[in-house]
Amino acid sequence: MRVVTGVVGNDVHVVANRLIEISLKERGFDVYNLGVNTYLEEFLDALIETDAELLLISSLNGEAEGWCRNLKALKSKYNFRSNPLFVIGGNLGVGEMDPDALIPKFKAYGFDLVYHQKDLNESLDEVEEVLKQRIEV
Amino acid sequence: MSIFQREREIITRNEFVDNFDFIEIEEFIKSADKNLFISHHFKYSNKMLVQPRGGFPTYEKVFKLYEEFLQAGVDVLPLTIDSNTRLNDYATAGKMLALSEEDDVDMLNGYPLINHGYRTTRKMMTHFNKPVSLRHGTPDARLLVEMALASGIFEIEGGPITYLLPYSKNFPLDKAFLYWKYVEKLCALYSTYNEPINRESFGPLSATLQPPVIVIVIQLIEMLLSLEEGVKSFSVSFSQSGSMIQDIVTANVLMKMAHRYATEFGYGDADIHLVYHQWMGAFPYNKEYSDALITASTVIASMVKADKIITKTRNEAFGIPTKEANARAVASVQYTLKTLKGLPVVKDEEEEEHLETMVKDIMEAVFNDSADTLWRKVFNSIKNGIIEIPFSPHIINANEVITARDPDGNIRIYERGKLPISDRCFEYEKSQIKIEKGSSVVEKIIKDIGIML
Amino acid sequence: MSIFQREREIITRNEFVDNFDFIEIEEFIKSADKNLFISHHFKYSNKMLVQPRGGFPTYEKVFKLYEEFLQAGVDVLPLTIDSNTRLNDYATAGKMLALSEEDDVDMLNGYPLINHGYRTTRKMMTHFNKPVSLRHGTPDARLLVEMALASGIFEIEGGPITYLLPYSKNFPLDKAFLYWKYVEKLCALYSTYNEPINRESFGPLSATLQPPVIVIVIQLIEMLLSLEEGVKSFSVSFSQSGSMIQDIVTANVLMKMAHRYATEFGYGDADIHLVYHQWMGAFPYNKEYSDALITASTVIASMVKADKIITKTRNEAFGIPTKEANARAVASVQYTLKTLKGLPVVKDEEEEEHLETMVKDIMEAVFNDSADTLWRKVFNSIKNGIIEIPFSPHIINANEVITARDPDGNIRIYERGKLPISDRCFEYEKSQIKIEKGSSVVEKIIKDIGIML
Amino acid sequence: MRVVTGVVGNDVHVVANRLIEISLKERGFDVYNLGVNTYLEEFLDALIETDAELLLISSLNGEAEGWCRNLKALKSKYNFRSNPLFVIGGNLGVGEMDPDALIPKFKAYGFDLVYHQKDLNESLDEVEEVLKQRIEV
């Protein structure tokens, strides 16, 4: 299974990104890590190039919303063969946010799974579960 | 007109800047109140100065933040700049600022100083009449620093290495050196008008398992690059490592070497200060534990005899702190400093000697580079891995050094990469790290990053 | 039947006690779980044990308190006794307990153990299966300690001096010595059944400007009086002075002298532990500052290498803490202990020598008293002012010694009264105290008492 | 002006008591300090003996209520020539108390002025003010 990952926008928090790469590799993924400071277009281009089944975006510096609100419009311009799962996680709001408000917001932007201040490993377990179900269906 | 002044004219003229009046600015700085200068406070205050972090997109929110800080007994006010401005993306910053002003939702993680301009910002600075420290993380901070100084912000944080390797992915390093040379020159020039402008380096770097030797080398280099241009007041800094004794050893060696190199290079007349950053790594998701971490960190800052402490908040793990949480930390740190008495003077001669040897080894290697100027020697040293920092997102960083903690929490070197430290020192470092049987280095590192969780 | 056993029969038979079954109690202790013994934990745990204070009038409230403590990661549970029971006024305690049970309002500031009885109380102790420490302040604690040991409480705090001079106005001192002799014997006897019962002295005394020399002398004396009767596990203690270095010096001298005197008197086989009390004086009326004080105090406890720390709460200035506030302190202290690493070993040879000299001077004077037994020598020494504690409410206390702080917060002797310390030492002490011009000694003392406010 | 002071009940907190004695003396009072562990009857006896105009009771250990609830009944048995002012202060409840509930309670027990966790000097200023007014009336 292929996964494209990285940190979106003007965000240089690289530590989680390094650990996520390690975790995904340990879970048997083929990892394409675009690193920090990656724009939405670059992620979508990479999905096209790699045919990855999973896009796993991090955002830590609180600016996710500004960078992701156009995802739906952008998606419509691409033609994905693999119907990838769109996942975002990390610290998705500036300041302390109500997670119940954040999650529907990012889903409306076009993400399938949204993890705000969640444990990495538990979340990845869930992501894998959803991927498995998708394939079975 | 000098080349430098010509450069200034160009830098300060763009679509986001509204008519830069150099003459008026010079007048302002010449007659500015001494209280605005942290260098003045360093001279006359005999307590550790307390400075929080903080910045909001709108003027009103920063104003309210400062009011809250004043009530809490702050010594130095911060002005933290948003990430877009840091990357010189003033267009996005402006857009997000407009959104923030409209919706009363913060769409930026700091204050977009360029978009606000110096005329507006100066009103706030002179109103509060406290020293303000500019915190950004910008490789090309030329316009930002012009704007800050014109606003009455007389401490400028950062440096060509410390604001590049941890904060940028691909900004060209040689450019960063040149842009910071501009900043140093500017600070030196303005230092002749009134009290000196203070420059401060950013020792925490990527805040993740940074070995003291690297922190110290980078602090010394940025200090020398700054003093070279005529800066007269400089703060070296580092952040809590996770081991009290390592912090003490770091502080002792750092201050000793800073004075020694400054004198050796002919800048013995400059004032050098020590700044301690409270824990800069991942904070616990429990606010009461965060309070405890903040207090313990304050005690350690007192043990290392810092001149200034930069505080965190109980909200750190969650997001940009509210002004209340931020002010609470300031009040609490001041309480601890006021009540903490009878601090012993601690030394660890063996560890200090060991660290000093490693610092000298790397400094020698840098100085021995064949380039003609210090900044070029440093540039080459970073390019070939003689200097690198763990967990830098930057493409120039060698990414070969691996560090981990010994059982006392001290950060030690596990892989030295191309760091030119002696086999003896490296063997000592590596031998301190104990990895449990059945456990991998990666597991150990993950645990060592999350030491405060 | 031995005289001691005869005395026990009398002590344990009164209108407030329901049939004391010695045989059953012996069986219980012999087969008691090792986890109930703090002496066992001292042996096998390599962390500082954390013990809060606490006690409520009713069984249910103590039970809930312990549940809360367990969740917070407590190491040692406290059982604090109410003031009436401390003064052996079981009738009033009973009346107030009844009122507390009826109205759900606490009419007592602790647990009236005699009125509850050991059968009931033991259920709680074995249910939680943690070591419990009895905290009282009772000069005649014979019945109370019988009841505690029978309940499964295997650490007994106090002593003839430390629970008398700070806690009583006119209880006869000689009686206190004899009553405590009973307690020591009882603890020694029960120590032969299973793990040793731990005795702990109460070093904070009146918690108000206590000079270390007096604290140490009293700790050493109570230790010797206890070991004399056969106790095999003893904790000396003291409380935060307000100066980190003074705490370190006190701890170093106290432990050194404790081991030396124990060995000299032939009790080299006893285990001696060090207990640190977080700040025992007046707390600030600001809960966030109290949190900070508690954390700073935890750091100092780590610097002095205490085996156990006894915690305060953010409610201290206000009143008996809620169980939540109390548990919060435990969790926070455990967090600090877990994350605080790399503590230096600190010494101050000059101050230690100076303090040691004073301690020896007073100890010599006590030993040189002409009485035949140690307790009588000590009794005479207190009566004639060779030993006294500032701010004791007791009529026997000489009330001549006056103390104040030096600029580093160290508590120094301003008037020595009849303390047999040399002129040289006294002059050194007094010379450290700096009183501002135009300020009186009384003003200085009031400020020095309120140092944490 | 004469004042009887001390700490009521089984309460050994002596520090405030020592400081209060100093303060009262500095304010020019003739001070009869009964010290700690003083029972209500002893205070009233001392008022009779000294003809003091002021009784200033401290309580710190939280047990004031238990020791003072009978003040009214007890007062009625004494015959004060001086109509003394009855004042209590310190820390008057066990645990954290609502001061608004405590004050009327202690007033109902027979105290004229009640100070729960109040600043000593400000309170003594007030006490002196009330004493002055009483004399003027």
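Chains: A, B, C and D, in written order; residue numbering restarts at 1 for each.
In the analysis below, a contact is a pair of C-beta atoms (placed from the backbone, for glycine too) under 8 Å apart; a residue touches a chain by one contact, two chains touch by 3 or more.
Only a predicted model underlies this, so the values are computations on that prediction, with no experimental measurement involved.
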Field: Touch graph components, with chain C removed from consideration
entry: A, B | D
Distance-maximising chain from chain A - centres being C-alpha averages: D
Field: Distance from the mean Cα position of chain C to that of chain B, given in whole angstrom
entry: 46
Query: What whole-Å value do you get for the distance between chain C and chain D if each is reduced to the mean of its CA atoms?
result: 31
- request: Report the inter-chain centroid distance for chain B and chain D in whole angstrom, where each centroid is the mean of the CA atoms.
  value: 57
Query: Can the chain contact pattern be summarised as a line, a ring, a star, a complete graph, or none of these (other)?
result: line
Message: I'd like to see which chains touch which, written out pair by pair.
response: A-B, B-C, C-D
Task: Spell out the part of chain C that touches chain B in their complex, as residue ranges.
output: 242-248, 284, 286, 288-289, 291-293, 295-296, 298-300, 328, 331-333, 335-336, 339-344, 346, 348, 408-410, 451-452
- request: Enumerate the contact residues on chain D facing chain C in the complex.
  value: 9-12, 14-15, 17-19, 22, 35-37, 61-63, 65-66, 91, 93-97, 117
Task: Name, in rising order, each residue of chain B that touches chain A in their complex.
output: 83-84, 86-87, 89, 92, 96, 106-109, 166-170, 206, 208, 282, 285, 315, 317-322, 391-393, 442, 446, 449
